[in-house]
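As written, the chain order gives the labels A, B, C and D, with residue 1 at the start of each chain.
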Amino acid sequence: MIEIKNIGVFTSGGDAPGMNAAIRAVVRTALFNEKKITAIYQGYQGMIEGNFCEMQSRSVSSIIQKGGTILKSARCLEFKTKEGRQTAFENLQKEGIDALVAIGGDGTFTGANLFSLEYGIPVVCIPGTIDNDLNGSDYTLGYDTANNTVIEAIDKIKDTAASHSRLFFVEVMGRDSGCIALNAGVASGAEAILLPEKDTAISELIDMLETAADKNKSSTIVIVAEGDKNGGAYNVEKHVKQKFDYYDTKVSILGHLQRGGSPSSFDRVLATKMGYHAVQELLKGSTRVTIGIRGNKIVTTPLEEALNKSEFKLDEDLVKIAQVMNI
Amino acid sequence: MIEIKNIGVFTSGGDAPGMNAAIRAVVRTALFNEKKITAIYQGYQGMIEGNFCEMQSRSVSSIIQKGGTILKSARCLEFKTKEGRQTAFENLQKEGIDALVAIGGDGTFTGANLFSLEYGIPVVCIPGTIDNDLNGSDYTLGYDTANNTVIEAIDKIKDTAASHSRLFFVEVMGRDSGCIALNAGVASGAEAILLPEKDTAISELIDMLETAADKNKSSTIVIVAEGDKNGGAYNVEKHVKQKFDYYDTKVSILGHLQRGGSPSSFDRVLATKMGYHAVQELLKGSTRVTIGIRGNKIVTTPLEEALNKSEFKLDEDLVKIAQVMNI
Amino acid sequence: MIEIKNIGVFTSGGDAPGMNAAIRAVVRTALFNEKKITAIYQGYQGMIEGNFCEMQSRSVSSIIQKGGTILKSARCLEFKTKEGRQTAFENLQKEGIDALVAIGGDGTFTGANLFSLEYGIPVVCIPGTIDNDLNGSDYTLGYDTANNTVIEAIDKIKDTAASHSRLFFVEVMGRDSGCIALNAGVASGAEAILLPEKDTAISELIDMLETAADKNKSSTIVIVAEGDKNGGAYNVEKHVKQKFDYYDTKVSILGHLQRGGSPSSFDRVLATKMGYHAVQELLKGSTRVTIGIRGNKIVTTPLEEALNKSEFKLDEDLVKIAQVMNI
Amino acid sequence: MIEIKNIGVFTSGGDAPGMNAAIRAVVRTALFNEKKITAIYQGYQGMIEGNFCEMQSRSVSSIIQKGGTILKSARCLEFKTKEGRQTAFENLQKEGIDALVAIGGDGTFTGANLFSLEYGIPVVCIPGTIDNDLNGSDYTLGYDTANNTVIEAIDKIKDTAASHSRLFFVEVMGRDSGCIALNAGVASGAEAILLPEKDTAISELIDMLETAADKNKSSTIVIVAEGDKNGGAYNVEKHVKQKFDYYDTKVSILGHLQRGGSPSSFDRVLATKMGYHAVQELLKGSTRVTIGIRGNKIVTTPLEEALNKSEFKLDEDLVKIAQVMNI
């Protein structure tokens, strides 16, 4: 094992609250261990362009409470080519960066894994995505904050829905993952939840809405994950209205505000733990693993395993509970 | 002047934060003056259906901080007919209601004015609408809360916009009124604001965006009022993308969450003052007026004048300031 | 095992955000299983006074987002006597209540355990306390919300501290447990954290503050847990000022606002899961256990074990990380 | 009138949310008018020490939403001496600063007025203080945000107060001014409000609490302004407990969190307007005036008049309304 002297840190893919807190922890832990720490701006794009900056402790002052990522993020097609990665590696070598901490979601992990395999550079990943759709961690960074943002928005929508006895279809983020939708549905007491992982026929949804209507509820909320098979909240509304006109209906697409905001306490602490342990793992010789949390324990998981979609499962217990709550 | 014995209170039209605080103040001020106070549920619809309930002081406990309206609201086509209003008046008479406090926007005011003219029942109105588009008051109930809701959402969107150097088109409420858009645009430091009261050509907008791009800003936000002539945020984005591909663009439609939420301190106090003075005005013999605030003074304005759209003017000083801020 | 027909549910001890969400889940899960469900108001006091009310599904509508407890809570000395418990048991029998779900902290658990041992009535507990100081669960209800409340307050304090380059001593709840202090300290990037579980000499604290002062930080925050051995934030300030006058100092005691507020998404979902499983466990024949969460799994732990203070340990990894972050 | 070429801007006294938004507006308006704009750090202290920095448009990017003041603030005894002011003036001359915008409260205004009288340098002030205790403006910067912060804290306290049927004494800022206390008392539905401007005998307070107790309220909140004649919340509690033991009582001192936080929409827009007009007034030749808002109109008032305490009056209408609401 060659001694690490200079760790590069970057964020990539969709941004998530808590990324800044993780960057801060990576920087300070590296400095604590008397290593150089170099910021790579705009993810893989910045590697290819040589967009580097050496960090000091004060470089990450007062960022723990900020949403987004001070290192910026970008999609980078060029890194998917052999030539792009070659340029990236040469730039890292020139800069003296001999290990990486990558913060992001599945695309980030895939790139990091391939790059480390090809060039032998040690990489440890931190799961940063509001979708919570990676194996190897009970929680990804940003998921808790996004859940709070979503329920605060739905609490507001319920005020107006109740004043007019309306039916709202609220679309939340999650193209492949129903985590936010399921969580927000339970937390906001929604009457129905449509998830990418489950086929819910419109007729089945209408049955649920008729049950709710019989109970004379003041408002009715249907949570629709972006990736629901019926094609999103507008389509669901259209289909429901054709067969069920009991209610005045409205659609709300929460959109990108779900990605922003000051991270929750949970995400700040999780990010700090993960950033710390990412550096410690690198220094212990780990590579091609992601940091994760299981209960209160920090764990590592090989990237290949973290990326294995077939292992990622929706919380079926919570799906069942959501139904019981609508008795 | 006949002595008032039983005041009916109702909310009508779109709900707005602060309506509950106003209801509370109306109820308690009536009781303080030893008058009966009767809730009319679902606005004019409830008058026609005789949906009444006598209120006590405790009926309005712990509602000051709640969004929406506990009296519910509804659109009511029947009240637009002579027969509908006749039924409504007969129901009020049966219940002994001899004066009204109406809380709502321009539709509510129009109905209240006509009804009072036809049947001689005294009516005092309270302006409750997030649109701030009524004469006779510097502020309508709910406007301040909606502004805070909007800027909190935009602050979140800016986090993610800055992380990806994106251009966001954020659509806010305001079909005829640019108040929220202008206010939110200034308060969030937006690069451009499209208002229903102003024609902004797409070419002009693109000029502004090019100026912003030259300054190498980390993110760019365009606020689009619902009623902007270019047809809403999605249309604006489409037109801009045809001619200007500097940026990755996204659209966010804030939607109905703008109507909900716990009222701000400003709206709670304003609602309390307005509710108190609405009852005092009724008891002094006023009718067909709206309560308003001018500076720190509560004032009354005849309903006809409050409804005169030609007198309602956008804050041109603020439009100018918004431009200066984008130097 | 005798079939359970009527479950009593109550909250006791200090209130915590999420208690209402747990009550809602208990009520609806009982009804789903076709059991009667009876609210017991004001905890053990209500048992002794026979303060009962049968609950329906609608009795718990729109409470999931509310802080506090709709069932009220009270300290009850009488329940600590044999006679008090005898009266309580007789009242439960009269009401037909043959099983209990108790929501609260260590005092609640102790009472529940004793009562069940004495009278044979099955009891399942739910850990509801912001202190997170019970064995058997990674998280207690209300802890996550309290953490968010605390860091939002500290973020505000940092704004003013930084404007004046001040040193703030912020006292947070936790008489025996440093969980909130440690968590808030890490999440807010505090310069020092004083915990009941650790003796931190004032001289040691002054060393830390001198280090911070050398780094020319814009503000300095010391988090003091209520139960810190130096006697709370005012005492710490007094001792520090005697020896170290580098800074203008201020004290802030966050106090009871830490107990209130709408529960976070995390607490709402956790409460819903715990309430559901508490009833399921009762129906499966469990007694004298607490529901808990370990990672993403709901688990049960015997009450004796949950109450064993010697097993409860501070997160030493996080204590170490907090120090590294202050490099 | 000599042409102004270089405007100095500073904040002084207690910080207030919205100061940064005002600084941004001053900077950009000066640049729009093709003037140099120089930041003076730490208020009058910075003038004496020559702590200056020329500002560009980008120097104030992304500060509109931040609490505190990026220019820092400090108390400065030296500026109260003739020598101190002489040094300050010489430093301004060396730097070429020929006009000033001062943002702060009454101490700031007093200093600015004297300095301008002595040295002839034009000064325009912006009222920035959460206390709202200056003549010449319906609202000072930061007051609206502080009110929101206070009611959010009290809403949380009410959750826990109601769960235990407790009586809370909540102390809010305001040594000489009862504005925050009165406003927060009305907005949170408090049962009693103790103001510096009014003598409320403890016996009178106890009468009010007995009335509240008779109504069987779930919780009782007494707002105590810092400057109340009875000596603050702890003293009030002590006196009340001696004569009235109906309730379990608690005290909460909100403290410095009231000064921080992201400014409300109202404060951001007000700050932007005031900053813009402060520069415009300087360029028009105004001096020794403060900018203010009356209704929706920006106005100016001579500093002497703004500082005249005898003209500043509590909103007596609102005091009366507060009592009516407690029927």
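Keep this in mind: a contact is a pair of C-beta atoms (placed from the backbone, for glycine too) under 8 Å apart; a residue touches a chain by one contact, two chains touch by 3 or more.
Quantities reported herein were computed from a predicted structural model and do not represent experimental measurements.
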item	value
Length of the shortest touching-chain route, subunit A through to subunit D	2
Of all other chains, the one whose Cα centre sits farthest from subunit B	C
Comparison of A-C and C-D by number of C-beta pairs in contact, larger one	A-C
Whole-Å separation of chain centres (CA-atom averages), subunit C against subunit D	36
Mean-CA-position distance for subunit C and subunit A (Å)	28
Overlap residues in subunit B, where contacts from two or more other chains coincide	155, 158, 162
Chain-level touch network, classified as line, ring, star, complete or other	ring
Pairwise chain contacts under the document criterion	A-B, A-C, B-D, C-D
Contacting residues of subunit A [partner subunit B, same complex]	11, 14-15, 17, 66-69, 72-74, 149, 153, 155-165, 168, 250-261
In the complex, subunit D residues that touch subunit B	24-25, 28-29, 31-32, 57-58, 61-62, 64-65, 138, 144, 147-148, 150-151, 155, 158, 162, 183-184, 186-189, 215, 217-218, 262, 264-266, 268-269, 272-273, 276, 294-296, 298, 315, 317-318, 321, 324-325, 327
